[in-house]
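Once you scroll down, you'll see the structures, which are given as structure tokens.
Paired with subunit B in one complex and with subunit C in the other, subunit A is shared by the two complexes that follow.
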Partner chain A sequence: MKNYLKLVNFEFNRIAILFSALLGITFVAQIVGVIVQSRSYLSMANEKIYDEMMSKAQFLEIFGQMSFLQIARSVWFMGPIAFCIAGVGFYIFLIWYRDWIGKNTFIYRLLMLPTTRLNIFYSKITNILIMTFGLVAFQLIIIPIEMLVMKVMVPNEFRRDMGVNEIVSSMPELGIIIPTSIVELILYYGAGMLVVSILFTAILMERSYRWKGIFAGLIYSAVAAVVLISPVFLHEFVLNGFFYPIELLILEIVMGLIVLALSVWLSGFLLKNKITV
Partner chain B sequence: MRKYWKSTAIIVLIVLTIGTFYVNSATSAEQHPEFVIQTQSGDAKEINSLVLEGSYTDTSSMNYVSTNLKITADGSTYNSRSFLDQVTGQPPTMIKEFREEYRTFMRGKQSWVNLYFENNDFLAYADVNYKMGSLRTRDFTFDLSVLNKEDDHINSFTVKVPNSGELDHIFVEDIQLFDNEMILITQNIMKNDFNNETHIYTIDISNQTISNHEPIVQDPQGQGDTSFNVQIMRTNPTKANEHLVLIKREVKVIEDTESIREEVINEEIISVNLQTKEKEEINIPDLQLDNNQLSFYDGSTIYFMILAGQELVVTPYSLEKDQVGQAFSIQLSGEKDIVHGQMTTVKDGKLYLASAQMSSTIDAGVIVADLKTTKTLFKGQIALKGSSEEKHHFELYLHEMFVK
Partner chain C sequence: MIEVKAVEKKFGRKKILKGVSFTANKGEITCLIGINGVGKTTILNAIMALTPINKGQILIDGKRLDKTTFEKITFIPDVITMLPQMTIAEAMEFMNDFYTCWNQERATELLEFFRLNLSDRIASLSKGNTAKVNLLLGLALDVDYVLMDEPFSGIDMFSREEIANVFTSHLIENRGVIITTHEVGDIEHLIDKVVLLDDGIVTKEFSAEEARENEGKSVIDVMREVYKR
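Let's look at the complex of A and B:
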């Protein structure tokens, strides 16, 4: 346990710079987005009211009040989120390969540690999870700050204030990252971790068998995907909709756990016996 | 410990932030206004068993998420949009009850009430399946099940649809059960000319075969700007009816310079005795139905209902006696509100009527009338509880009403 925690901390320190860079980019881009969107709304209001002699009430009738949703739907807001997702996706691979390439093959030292080698796997997957949740938490913290900026810029009568919950629940694309209930949070990110574990296994296959390993990894991923969707497939095409939705959900969770256990076991086996440096 | 500050800090941050977010969202659930049915006149007891289902949308923001709700005499209840509820789905109330009571029987069955029949002894289901893949000839088969409620015996079987090669598609519109016979009323779309026909299939349950089938009303393709359509008169979808009532219309499309409208040239009301397959045309002088589809057949009497200005004109027609009853009218309130749609249903000799739409500028009325004495028993209005002084922009659409 202690060795695992040490490894987690160690891995986290290695991504701290990349991680803070992602946070910084998100913060700056979103704040700029708030300012740009608020300004464009205000200048439109100015133009309509002063140049085209529209009354305030008339303007609000046609264009509506400004809400944070306008900002959240803009590329200024969603762009950095997409960038962070891409960053984490990229790091899923880099977290392993950086140990092989680089100044000195670092994986030597990791593999020589007096602890079970599966801890390396666990600490790396934990770091991906920490990074993901860290980004989500940061987003939840900066949304209120961005709202404050909007509040300062846009006068009261042109503004409709919303809570963070309301924004998240009215944007399905944001609802995937920040689900509205804790059950969904566990299911979504659990599924995410499952995918990461399958990818890790495939990476380890490649590291063990090189070219042949790539094929093995691809085949393993495909098999895992087939196993995962098999309940839905059976339900739809063979059993004519036999299961009730809730039963199907439970079956899927069980399948997911089986695939996760298999991935962990396979990775452990590869790390212990087959890995080459 | 100092070595670990970065990862400790980030984990504490994650737990605190995400924890706060979910605690917050659990405690500050979305605030929706409560709707009540206010009594204007009559006895408020009359609406105790009435349930209105619809959806509520707050239009004051850019947020057009709607939430389903039910309005009863006790007020309104919103469907929770929790994850588990979304997984389970929200089938019509009747299907939900069937699923709870007959869990095994309801497996793999569509949640469309027309496909079910229920009486005291049996619950029956029929649907059409076809094999995927071959585009040209589809092998349509009927998928039939009957549950004997007494001994929980399920009799499930499939029957090939006769002449299925000629069909482009087939839909089950209603099913009925008489002793050992199941009767399916279907809408068949023919392959060669895409004509519609309403077809009756009689299925012998003990032999699991189709004993008889015949088209009852054909719905030929119109020529030029005229077209035909056949509708089944609204009725309680799962209950037993001896007759099937159809409305066949010939419609002409008239294109003006400014608008396109439809004019009904010819209208026939046909009743079919489902056991003898005897057809009969119902002729009521001076009756021209409108497009509102308010008319209702309750198993013995057809109530033709037409909106005329501020009134709903009801013409009863008894199928047993083949006789037109005395027409009467029910006064509705608010002429400008009536045009936004009305819903009707009949149960136990009472007519229930409700508006289909409400907003801050449109009022929605609810009326209960006795069909024998033609008296209005209850008149009321859907209203926001504790009518908030701030002007609230919302839209309420009611799409289903039923009487428990």
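Let's look at the complex of A and C:
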């Protein structure tokens, strides 16, 4: 356990720069987005009211008040989120391959540590989770700051203030990364971790068997996907809606746990017996 | 004792090791000698479970390698095992964090012996100094066995001398060492046992001292006999 925590800390220090860069990019892009969107709304209002002599009431009736949703739906807001998701996705591969490739032969040291090699797997997956939760938490912290910037820029009568909850529930795509209930949080992030564990296993297959491992990894990922969708498939196409939704959910969770356990076991086996530096 | 028993290893269809067997005792320096591609590094990697073997068995003090064995045996490969962006101090701290057998006193001694600076980044070091850092990180562990892969490869004469001096010092005393090298001349007088490898098998395993005393032959003489046959 102590070695696992030390490895988690060590791995986190290695991603600190990339992680800080993602946080910085998100903050700057979204703040710029708030300013750009607010100014664009205000300049439109100025144009309509002062140049086209439209009354405030008329303007508000036609164009409506500005809400944070306009910002949240813009590329300034969603762009950095997509960039962070891509960054984490890229990092799922980088977190392993950087220890092998080029002048980095740190994998020698990792595999020679006097601790179970599965701790390497656990520490890397924990870091992906920390990074993801860190980015989401940061997003939740900066939304109120962004709202404040909007409040400062857009006069009261031209804007409709919203809570973070209201924004998230109005945008389903945002609801996936910021779940509104604990059950959703466990399900969404559990599914995310499951996918990461399957990818890690596939990466370790490639690292153990090289070219043959790529095929083995692809086959393993496909089999895992089939196992995961099998309850839904049976429910829809074979059993004609036989299960209650809660039963289907439980079946999915069981399948997810089976695939997760298999991925962890396989990864442990590969790290112990098959890995090659 | 390290026992390598009938080890076979294939890379794709090519069989690199075709049943290699030898032993390396504690308190002795065993030198693995063979031309490039004969599988010397693969043997060391296999002993440390850094590559799987297809057949055979490797035992360290009668047991198969597990996580606790890494407190008993260390491997100094010919590549750096630490992150290039780390300073030497950070690399030492890392080792101290994870290994209970890390001997800080010896690490400091080695640091002075090799005249290395704690604040130097590994990435900025010359090949010779990188090899010295590798040696420092391996030899500062209080382990029974040390495996070294080509410690003299591509290193200048003075650094080679410094590294060779390690073998005559107390830093190696009482440990079992397996070393692979092309530069046999540098340590010929220090080697206890020689394992000659050719075409995936051990062609000759002999005591360097016995060859010197009984046959009046140096290690290089025996190598000439075996490889020029």
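Criterion: the second predicted complex is superposed on the first by the 275 of 277 C-alpha atoms of A that agree within 3 Å, B and C clash if a C-alpha of one lies under 4 Å from a C-alpha of the other, contacts with A are read in each partner's own complex, and residues count from 1 in each chain.
Here, a contact is a pair of C-beta atoms (placed from the backbone, for glycine too) under 8 Å apart; a residue touches a chain by one contact, two chains touch by 3 or more.
Everything numeric in this text was worked out from a predicted model, so none of it was measured.
Colleague: Have a look at subunit B and subunit C on subunit A after the superposition and call it: clash or fit.
Modeller: They fit: once the shared chain is superposed, the two partners occupy separate space.
Colleague: Now for A:44: first (subunit B), second (subunit C), both, or neither, which partner does it touch?
Modeller: In the superposition, A:44 touches no partner, neither subunit B nor subunit C.
Colleague: Between subunit B (first) and subunit C (second), which does A:109 come into contact with in this model arrangement: first, second, both, or neither?
Modeller: A:109 sits against subunit C, while subunit B stays out of touch.
Colleague: Contact-wise, after the overlay, does A:12 reach subunit B, subunit C, both or neither (first, second, both, neither)?
Modeller: first
Colleague: I'd like to know which partner A:32 touches here: subunit B for first, subunit C for second, both or neither.
Modeller: neither
Colleague: In the overlay, work out which of subunit B or subunit C sits against more residues of subunit A.
Modeller: B
Colleague: In the superposed arrangement, does A:257 touch subunit B (first), subunit C (second), both or neither?
Modeller: neither
Colleague: Once the shared chain is lined up, is A:70 touching subunit B (first), subunit C (second), both, or neither of them?
Modeller: first
Colleague: Report for A:223: first if it touches subunit B alone, second if subunit C alone, otherwise both or neither.
Modeller: Neither partner.
Colleague: Given the superposition on chain A, what is the angle at the CA centre of subunit A with arms to the CA centres of subunit B and subunit C, as a multiple of 10 degrees?
Modeller: Approximately 150 degrees at the subunit A centre.
Colleague: Quick check on the superposed model: minimum Cα to Cα separation from subunit B to subunit C, whole Å please.
Modeller: 10 Å.
Colleague: Both subunit B and subunit C touch subunit A; at which residues?
Modeller: none
Colleague: Using the touch definition up top, name the residues of subunit B that touch subunit A in the complex.
Modeller: It is residues 3-4, 6-7, 10-11, 13-14, 16-18, 21-22, 24-25, 28, 30, 60-63, 65, 81-84, 87-89, 99, 103, 107-109 of subunit B that touch subunit A.
Colleague: Once bound in the complex, which stretches of subunit A touch subunit B?
Modeller: 8-9, 12-13, 16, 64-65, 67, 69-70, 130, 133-134, 136-138, 140-141, 160, 162-166, 169-170, 178-185, 187, 239-246, 249
Colleague: Under the stated contact criterion, what part of subunit A meets subunit C in this complex?
Modeller: 3, 6, 10, 14, 103-106, 108-109, 111-117, 208, 272-277
Colleague: In their complex, what parts of subunit C are in touch with subunit A?
Modeller: Listed in rising order, the residues are 45, 48-52, 67-71, 74-75, 77, 79-84, 94, 97-100, 123.
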